[in-house]
Amino acid sequence: MTFDVAAIRKDFPVLHRLVNDKPLVYLDSANTSQKPQVVIDALANFMKHGYAPINRSAYQLAAEATDAFEATRSALATFINAPKANEVVFTKNATEALNLVIMSWGRANLKAGDAVLLTHMEHHANIVPWHMLVAERGIQLRWVPLTSDGQLDLTDLDSLLKDVKVFSFTSMSNVLGTINPVQRLCAAAHNAGAIAIVDACQSVPHQPTDVQAWGADFAVFSSHKMCGPSGVGVLWGRESLLEAMPPFLGGGNMIADVRLDGFTTAEVPAKFEAGTPAIAEIVALNSAVKYLTNLGMHNVRQHEIELSTYVLNTLNSRFGDDITIHGPTNPELRGATFSFAFRGIHPHDLSQVLDQTNVCVRAGHHCAKPLMRILGANATVRASFYLYNTTQEVDALADALDSASDIF
Amino acid sequence: MTFDVAAIRKDFPVLHRLVNDKPLVYLDSANTSQKPQVVIDALANFMKHGYAPINRSAYQLAAEATDAFEATRSALATFINAPKANEVVFTKNATEALNLVIMSWGRANLKAGDAVLLTHMEHHANIVPWHMLVAERGIQLRWVPLTSDGQLDLTDLDSLLKDVKVFSFTSMSNVLGTINPVQRLCAAAHNAGAIAIVDACQSVPHQPTDVQAWGADFAVFSSHKMCGPSGVGVLWGRESLLEAMPPFLGGGNMIADVRLDGFTTAEVPAKFEAGTPAIAEIVALNSAVKYLTNLGMHNVRQHEIELSTYVLNTLNSRFGDDITIHGPTNPELRGATFSFAFRGIHPHDLSQVLDQTNVCVRAGHHCAKPLMRILGANATVRASFYLYNTTQEVDALADALDSASDIF
Amino acid sequence: MAGLEDLYREIILDHYRTPRNRGELEAPAVSAEGHNPLCGDEIRIFIDVKDGLVSDVRFNGSGCSISQSSASMMTTAVKGKPVDQVRAIVKRFKQMMTLDEDENSTIDESINLGDLEALQGVVKFPVRIKCATLGWNTLLDALAETGK
Amino acid sequence: MAGLEDLYREIILDHYRTPRNRGELEAPAVSAEGHNPLCGDEIRIFIDVKDGLVSDVRFNGSGCSISQSSASMMTTAVKGKPVDQVRAIVKRFKQMMTLDEDENSTIDESINLGDLEALQGVVKFPVRIKCATLGWNTLLDALAETGK
């Protein structure tokens, strides 16, 4: 099967929207992805004909809703090759999933002086909760530095990992596009006696995922970046670790019993799913997983390697020294997410000009301020591509960049 | 305007679904409500034509999405008469909202020995997080008891409130239907020097809400119980209290700056909204608020008083001593949520039989196990009515109850 | 009532109305407690194991017709049986309660569930499977207690 | 470029390319720092207040054309003016930057914003309003510092 982008684009209604009579060139999928019609339909149809509470009621409508809800859990387990469906915990976004692991596992296992290893390319979601735990517990943070082409500098990894209890890192940088050697990093963590938490937000939507091959202990990602509805995040964790962890949020569904003087918790995953979840969105997420599975994640990855090659060739040949593209230059080592500096034009101004031709890119710090400081920038422009993007859209980006020079 | 239930029912597609050739009699709205077509359309249309990240990107699509998102915040502020839109914080459900207040305000303000007052009719969401804080901080919990007809017994309120730092209570019981005198309780809390947290989950969807008239300090509720999408909760809090509170979840959007050695927080409400929110769902929630506002919350309340009157008359006259309905007998003092015991038939069996005629009721402890113990039951059957329910559906419930006696 | 015959068979209702082996046992008998957090059902199983036999068994607690009758039928099925055979019966019963058979475990056809077969109908009502298995899982917990 | 004339007026680009009053001031001058968490822009405003006059003002930091030009134009507008008048100018400018006028505050028409009127076009680009007001809010913070 060849990957038919033209056919795929038909599945995404928003790509046919004209803004000021011009089509949308959506290059912000690293931020959040667009939604195919099947996902929108699944959501609307469930809300129309099948909406009901899950878990707590015995009537048929509720039983059907529960089955549809749990089917997504199983589908996700298969999608990331998790050993068991009950290792999949639903949260509101990847950020909550990270906070859950960091606070629940962290409070139970980390004490003053314990070391945690992060990297210089982490998203705030994998930094700020650790800072909160530093303030609360007096743990210490260490950082894996970067090479000049935006890869992890692993020269001193073993000494950095010495006495470390947790190594928490991103599988792919949301700024540089760098794909990290997750399997190797998990093995190094385990060798050092640490657990490995993988922030898989940027890789799960874009390439095949196998948490067992990774050898990870926890992984997190978000529905909204993988063609699914907003409002759903996923935490996968090894069952034995999840079982040993204290609960995170307290309330309905996460309990076995509640008395005036205390409570006992339910089994995983319920233990970590307090309150009414995003029922309809989680049901509809299954359609996104099916959509991606049908396309084939290997094909998605291949498409993005081809796009990346085209992006690098086009921008470098058209703009030469006027453009500085951050991150690896080898498309095999990166995803199709490109942060760049262009002719000294401030990113905010640049994105504003690009928007005049409907080229939607993000300007800012991309929730990675420590990395921005290392790049020596307050902000960058980031163009991020996904399965529905085309080489013509790369050309549209390049044309729009050209026109920015008219103003500044 | 008269309240035209027949017209309203047309707005809810699921109510026209036939299960085994019979229409659905959905009596589980205290658990989660059904969705009108306008909300489903708003969600689907936004996902089709307007989906984009909020807050962090400058292009037009994102600016429009941000405006739509923030419009819901303002609409909610108006709906509950909050002084300022930025006092409205989005969470994933009311449970997260309660955990946020309890953990963030609680950790900053409560120390060992401090007393917190709850009531015997609280939902687990307003009990378990407090138990977690008891374990973490050594605070002590006190409880307002109930009268025999399921109202708060306020005889000793002043002595119970002595030296209490927080009084946290539900505005309406999700089991008994009891409507509590929120304004009086907030005033009593303030007199005693305590803050007042109102779990408004069961009242916001069913009657007009005015947090200023209440004099509350915090209030929480859920979108999914008020005709809105699943996956969205709301915390309202006084600006000065929110501003003084430490953050809850750490990550993107909630920061002003992040460095390798620490972070500073954004202003409220961003400070409490880490990560990508339920963008599309929050946008669509605005349609639910508009829908309810157009119906008029006074009319909704009036309709439910009429329904309650009919429920009490019908069940008592048809079943006499065979039925025990918990909670107040005066429809003015209660919402249209009825827990009952019937002819000694176990609630689980009863709800199973009712389901044979598509009468959807919940059997269980309704996330209120302490209250169940006080009622002397492991479980009850609960039939809860909403704006789309009719007196014919009350009759259907009664008929279904009758048929249960054939089996047991 | 149409549709419910499979669930509420006469023998099930009989055990519900007239439970067998209801009560408690004194030490040295051991006991275990089970909860169904979904519906609040609670059950306690007492067993007396002597010379490798489950010489006596009792249950109490409260719950729906399915959980109570299943526990009652369970007591009659295991009372007086060797522990090994009891475990085999539990396994066989739980297999019957599974919608998707576990491919790796073979079904021991030599075990005749007898009256317990009446509970087969519960499988069509997935929410009730936990009710039917509550007493059985609690029995396993009680057996584990005897090993301590 | 079509559609952007309102945003990128010539005078704005001029202040961006050739910022006025860029730099720092030594104590006893005071300073304050402002961030735009959205885009990472940072600005620092230094002011020297003597005898009720903002006798000198400087800014540095980095940011987009709108934040930098607005800060530059702001320095020229307030330098040498009495503190009261400076506050009035800030208020007037922020009114101009508001889409919905605050009904309760009257507009002081006596204050002529001069070149600053060029920034009016920013209002059509709501995301950029925070860029335009960054320097001004930071100036208020710096004024508050002088009171300490």
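Observations, loosely collected:
Think of it as A, B, C and D in the order they're written, each chain with its own count starting at 1.
Criterion: contacts are C-beta pairs under 8 Å (C-beta built on N, C-alpha and C of every residue); 3 or more make two chains touch, one makes a residue touch a chain.
As the structure is a computational prediction, the values presented were derived from the model and not from experiment.
The chains in contact with subunit B as well as with subunit C are A.
Number of steps on the shortest path from subunit A to subunit C, with steps defined by chain touch: 1. Chain pairs B-D and A-D differ in how many C-beta pairs they share in contact, with the greater number at A-D. Of all chains, C has its CA centroid at the greatest distance from the CA centroid of subunit D. With each centre defined as the average position of its C-alpha atoms, the distance from subunit B to subunit D rounds to 45 Å. If you average the CA atoms of subunit A and of subunit B, the two centres end up 31 Å from each other. Remark: subunit C and subunit D have CA centroids separated by 77 Å (rounded to whole angstrom). With centres taken as mean Cα positions, subunit D sits 38 Å from subunit A. Within subunit D, contacts with two or more other chains are made by residues 38-39, 125, 128. Residues of subunit A found to touch two or more other chains are 56, 58, 62, 255, 257, 348, 352, 363-364, 369.
The touching residues of subunit A, when paired with subunit B in their complex, are 13-14, 17, 19, 24, 26, 28, 31-32, 34-35, 37, 39-41, 43-44, 47-53, 56-62, 91-96, 98-99, 123-125, 127-132, 134, 141, 143, 222, 224, 229-233, 247, 249-255, 257-260, 262-263, 274-281, 348, 351-352, 354-355, 358-364, 367, 369-370, 373.
Residues 35, 37-39, 125-128 of subunit C are the ones that touch subunit A when the two sit in their complex.
Those residues of subunit C that touch subunit B in the complex are listed here as 1-4, 7-8, 13, 38-42, 62-66, 125, 128, 131.
Considering their complex, residues 20, 346-349, 352-353, 356, 363-365, 369, 372, 377-379, 403, 406-408 of subunit A touch subunit D.
Per the touch definition, subunit B reaches subunit D in the complex via residues 55-56, 58, 62-63, 66-67, 255-257, 266, 270.
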